[in-house]
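The two complexes that follow have chain A in common; it is paired with chain B in the first and with chain C in the second.
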Partner chain A sequence: MAGKKKRRSKKWIVNIVLGIICFVWLLPTLGLLISSFRPAADILETGWWKVFPHQEWKTKDTIQLSKDVDLRGPIEVNGQTYTDDQLKSGVMQDGKRLTWENRRAREISVQDQGWVGSPKLTLDNYKNVITGKEYTIKNADGSESKEKGTGLSQAFWNTLTIAVPATVIPVLIASFAAYAFAWLRFPGRRTLFVVIIAMLVIPIQVALIPVLKDYTSLGLNGSYLGIWLAHTAFGLPLVTYFMYNFISQLPKDLFESAFMDGATHFTIFSRLILPLSVPALASIGIFQFLWVWNDYLVSLIFIGNQPEVQVMSMKIADLVGSRGNDWHLLTSAAFISMLMPLAIFFLLQKYFVRGLMGGSVKG
Partner chain B sequence: MNTQTKPGFSIKALLIFLGVLIANIAVNGVIFIFFRDSSLNPLLTAVLAVLWGVLGVYLIYYTFTWAVEKFPDRISRSVLPYVFIGPAVLVLGWLLVLPALRTLYLSFFNASSDKFVGLGNYIAIFSDRLLATALRNNLLWVFVGTLACVAFGLLIAILADRSSYERIAKSIIFMPMAISFVAAGVIWKFVYYYQPGDEQIGLLNAIVMALGGEPQAWVSMLQPWNNFFLIIILIWMQTGFAMVIFSAAIKGVPDDILEASRVDGAGEIRIFFRIIIPFISTTILTVTTTIIVFTLKIFDVVMVMTGGQYGTEVVATQFYRQFFMYRNFGYGSTLAIVLLIAVLPVIIINLRQFRKQGGF
Partner chain C sequence: MKKTSKPKLSLLMVLGLSFTMVMSACGSSKDAGPSAEPAGTASNNGGSTATANEPAATPGSPLEEALQGKYKGTKVTMFGPFVDADQKKFESSIKDFEDKTGIDIQYEGSKEFEATINVRVDGGNAPDIADFPQPGLLASIAKTGKVVDLTKVLDQEKLKKNYNQSWLDMGTMDGKDGKIMAGIWNRSNVKSLVWYPKKQFEEAGYKVPETWDEMMALTEQIAKDGDPAWTIGIESGAATGWPGTDWIENIMLRTTTPENYDKWVKGELPFTSPEVKNAFELMSKIWMNKDYVYGGTKSIVTTAFGDAPKPMFENPPKAWFNLTGNFITSFFPETAKVDQDYDWFYLPPIDSKYGKPVLVAGDIYAMFNDRPEVRAVMEFFTTGESIKSWVQSGGVIAPMNDASLDWYTSESDRRMAKLVQDATTLRFDGSDLMPGKVGAGTFWKGMTDYVSGTATLDEALKQIQAGWNN
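For the complex of A and B:
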């Protein structure tokens, strides 16, 4: 079977190419994860990949030249002469590397190559980002400074407070509507459903200005209720469409026999349809939950700058703006915000993928 | 079953119905005000909200159906559907459909919405330099981003299908879909990070230096190429989506066709272009439109990475700037409508599809 053999050798190539792609895909997240456990000063001093064992030049010895050596002329070290530039970038002599330890004091370090492992790792970044307490960090130059924590735990609970009702309410409302669209006949049914389909991909930007105006006059800005309602409305078309597709596929006999037994639509819906729809409810519920959890724009508009209601994505975006170089905070904060989505992704992958496929049309 | 409608019965039912209506409005009005003004511990609020979201909303349906069933059969049967769709229609109408129409209306008015300017805003948007940059960048995002997502998605789906660790590979590529654009922004900001001096902690600059190049501030310099570095983030996140859907479609290509063409001596590349691509062409079209719609509205990434500076403005960030920061409702609405017009073809396609499927 020459063909089979040829294909097996191709499989080998496929595995390697795919492996490289996966590695590239994983690398940015890996960098974030590793950095979030490194001390603040270390992050800024060396790249995160330096936590892996690697070879590095280490100072074994120092040579003190006379103070009046002219840096512009040739510099003699151990009987050989080098230029200033060579010593700046490092030069090899007898398998050792010579470089300036302290150029002004005319001190040269003699370095040896050796393995560096056992990196310093810490949970401090997480502590600092989660609590709102003050803490001290060591700067790269050895000095210490005091900083106030980010208080991300508050934002975490805020996000949860927003995301759970903003998932439950639309899913429930949409399921009722989907049932009516699928199994009841009434005037205006077609028109209303066409509107819902048209709303599927509509950019939510077209709604934001008038809704904000209404919210301002109702006093709903910066309240949980306002943002629940907004997420409910923006999620409804998709959830209704998704649930309609599921509920309308259920066998017709189911309803007929229930009707024979004298059940009302309300009983049929709550006793029969809802239990049967659990997989669909889970899929679309997860999609809506993650959508709200990861949302930035809607919170930005309707929560604004009220710190006690702010969600994590806003907190992190603020951090990026105000503390853009404090990677010890940014990396750990971003990772905390990723915990929930990643947990859902790995634990409920089946529902997650199904919900995303169904939800892909969302506007 | 024939119910002789007795007028007295109907009036009683009507009264019950009105009573339920008023009670519901009162109860939910109180709940509304409570949640609006509550300064409880957020966690407690959340618990109450979930209770309300499940029980309260359920109770609305329950009481209304109960009241409607008091009506004679014929009336109750024609009213009931509206109870079921009522809440959805009300929320949707108030917070999505009417606002869209009001935005269209506002787009013909000036910044403070008190003077009619006709098409003035639209003309201004297409002639203003900043807004023109936003439109150009959006086109760049849509073309480059979508093309790359679809191409990579196809490539990886094919490779994964033929590899010996399909599930793990697909999980890895799909994972970025789960996280927020804000978190992804932080991840990639770190990759692109530039600091003056010899030691680069950003991955990209470290690689460039190892290859003997000069480190760069990728996201702020090099305009307009910095846009591509932002688009890479989109590709990183959305390729997984394309891949999962393509992967399912590729598995639908019948094995005997593939086997037959292999026997005929067709190479894998030829099979890919001649058999697989035509076979999944509708899927490719769907995925492409989905990613285009998504990319048109791109906002978070740009906001987090550059805030729209350094020539990376897109329509959605410009919308936010005009509406939220400059309070220019005229420009804001007009930009929102521009986005709407851009997705209009997709809306029409969706509706046509719906009608073709028989609709109802």
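For the complex of A and C:
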């Protein structure tokens, strides 16, 4: 009995800790979501939490002081004197707050606390992001013409065209490689494997210029094939390592019996290994997909910013304008770009946790 | 049940995987074809067309030939920092040229231009033409010898006629062997402007100050009336501090000789020298007075430069002056009208000895691949025509002499163009000319540290100067 109770209280602690972690992680996301529905001017003025009903000081009355009150001296209001700084930040008098209503006109507002609700919300941010912004361009004759910019849809398909093969290719190659490393005996196996693992620590930045030079001579710059290969190459070491961990832990007896029955390596791989490693494939697939989907650097260097091939992350960066004047659009754009990874995650999530643990503790 | 469904699922996955593999293998060759083409034509066509029409042999410039349709169907790639609205404006200003000549200018804009251009040039993937907002960056690339020297490409006589000499001087840089003309100026910004809410300013009975002393008196007057006069913001993400450098540059031009300014930009006059310190002190008289700055001195560092003008557009205005370049108008509320709701005045001279200096910035276009159609496009960019529709849209000043003042659709822009033409001294934004370590490094950081109070003036100046040493 006592042990059960103890366990239950332990669980309780775990739940609380998890709850706190979830809260800390979700709070900024919630803020972003709410901000994405607020007009730009409001985002600048107040925090997102102000959309909830809250108490605020409201002007009930105003006091007009004499126009030639010196702001740098003591200021007398209703028989009491205050400094300018006090009035700037607000000062209490008889349960009411005094603050400048219009400092220039020497007008002081007397405020009461009251409830504020019904915030201003708008879908404009989403509209601008999805369908494109409208630009006003003046013509030679002085007339104005409106030109519609492009929305995210083209970039969305571009990103998908890049992300799917850039996930599938490395995962497939890495599974083959992992099988070979785990179950085939060939000379130099260990050395090769160590070399691949060593690749994990090489930052991709050092490879950018050399690879770009090769791409230039091969004419691969700005092409989908080029970026698929780049993502494949940059992703392979980790994916191979991950798949090796999983595949090498599968029970040996299984392959031996299959081998006895006359199965070739390819049959073993396709009939046994792949079906057994679905959880691992799914979880590393999610990883790789997220990495490619959110990638900015590799796309920036190898595919560039031409609208036909531009990816979401770069399109979103461009949305804010040359000097960042439309930064409020980032809120809604972030949510739209989040949709796809979220969908993938929820589709494959039942494999996800299993896959993560699969490689590490089995055996 | 579960056991039977599992192999099926995995088989499906395998099929899916292999299908996409095959698809991707097939698709790639098709996709790679057209998109890789610009890079291909850049290197291949160059040779053949150049021999076909040797520019020196034919009468008339490449531009005239292009207008005759000689380069129809060719492509010129261009890379620059304009995105979004700016990109639209740029594209509309070159559309007419593209229609007439049949040359397709493929413009690629990127927010990360500064970071990417070096990688592209080093990787052998340079665009035909690149648009540099910071000449310092072009200068560092010019040194590697990868930029085409324009002295032989463009007609020098024509250039001299169409540009103020100081623009041409600013386009001349150190090449691999000796001086080269690394680029030509196409778009310029004026940075000596103080923006103010015109309507309320006039209603309040204030007068546009003509001298620095008048301006300081007006600042004090406004403070007495109950408002901080200035609204200043230097926050800009990783580039925090840069709007502050414009202040120092403007004051430097007004308190010392242009020669000293040039020396300062080159690193020969240290930041710790009395001239520079004086400029910082003059600036501090406004910045460090909490009655003069909206939100007080401490808010300067935390206010985004684009948000700084917003208090001017409240009714009544909560602040009155904002010193920034003409690009800032894109941050103004859409409802505010130029010439009516807001306007600018020239940041007044401090010492009449130095006349009316004007601080400018701009975009310099450099050429990386020498092909006749690229020459034609470069020549086109030296004409005012190339930026006409952008000028009409507002927000930019054309540096060319053949850009008519009539093109400007607002009085405010026209006055700006005139200000540049009439300037006694025209100097380029110093921090953009300094090497990146100083101009985009310690200068920004030093300004920020000084204003936020983490460093005294002397410490900050020493810290900025240290950028030259490493």
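What we mean here is this: the second predicted complex is superposed on the first by the 222 of 363 C-alpha atoms of A that agree within 3 Å, B and C clash if a C-alpha of one lies under 4 Å from a C-alpha of the other, contacts with A are read in each partner's own complex, and residues count from 1 in each chain.
Rule of thumb we're sticking to: contacts are C-beta pairs under 8 Å (C-beta built on N, C-alpha and C of every residue); 3 or more make two chains touch, one makes a residue touch a chain.
Being a predicted model, the structure only gives us computed values, none of them experimental.
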More chain A residues in contact [chain B versus chain C]: B
Touched partner set for A:Arg323, first chain B, second chain C, both or neither: second
First (chain B), second (chain C), both or neither touched by A:Leu274: second
Touched partner set for A:Asn305, first chain B, second chain C, both or neither: second
Chain B versus chain C as contact partner of A:Tyr82, first or second or both or neither: neither
First (chain B), second (chain C), both or neither touched by A:Trp57: neither
Touching partner for A:Arg103 - first (chain B), second (chain C), both, neither: second
Which of chain B and chain C A:Tyr224 touches, first, second, both or neither: both
Which of chain B and chain C A:Pro165 touches, first, second, both or neither: both
Partner chain(s) touched by A:Tyr179 [first = chain B, second = chain C, both, neither]: first
Chain B and chain C contact sites that coincide on chain A, given as residue numbers: 44, 164-165, 168-169, 172, 208-209, 219-220, 223-226, 228, 270, 300-301, 308-309, 317, 320-321, 324-325
For the chain A and chain C complex, residues of the former touching the latter: 44, 70-72, 102-106, 133, 135-140, 142, 147, 149, 164-165, 168-169, 171-172, 208-209, 212-213, 215-217, 219-226, 228, 270, 274-275, 278, 281, 300-301, 304-306, 308-309, 314, 317-326
Residue ranges of chain B in contact with chain A within the complex: 32, 35-37, 42-43, 45-46, 49-50, 52-54, 57-58, 61-62, 65, 69, 78, 80-82, 84-85, 87-89, 91-92, 94-100, 102-104, 106, 156, 159-160, 162-165, 168-169, 171-183, 185-191, 193, 195, 199-203, 206, 236, 241, 244-245, 262, 268, 290, 293, 296-297, 299-300, 303-304, 307, 316, 319-320, 323-324, 329, 332-333, 335-337, 339-340, 343, 346-347, 350-351, 354, 359-360
Residue numbers on chain A that touch chain B, as the complex places them: 3, 10-11, 14-15, 17-18, 21-22, 25-29, 31-32, 35, 43-49, 154, 157-158, 160-161, 164-165, 168-169, 172-174, 176-177, 179-181, 184-186, 189-190, 192-211, 214, 218-220, 223-226, 228-230, 232-234, 236-237, 240, 264-266, 269-270, 290, 293-297, 300-301, 308-309, 313, 316-317, 320-321, 324-325, 327, 330-331, 333-335, 337-338, 341-342, 344-345, 349, 352-353, 356-357, 360-361, 363
Complex contact set, residues of chain C against chain A: 6-7, 9-11, 13-14, 17-18, 20-21, 23-24, 27-29, 31-32, 35-36, 38-40, 81-89, 92, 106, 108-112, 115-116, 119-120, 122-125, 223-227, 236-237, 291, 304, 306-307, 310, 316, 327, 330-331, 388-389, 392-394, 409
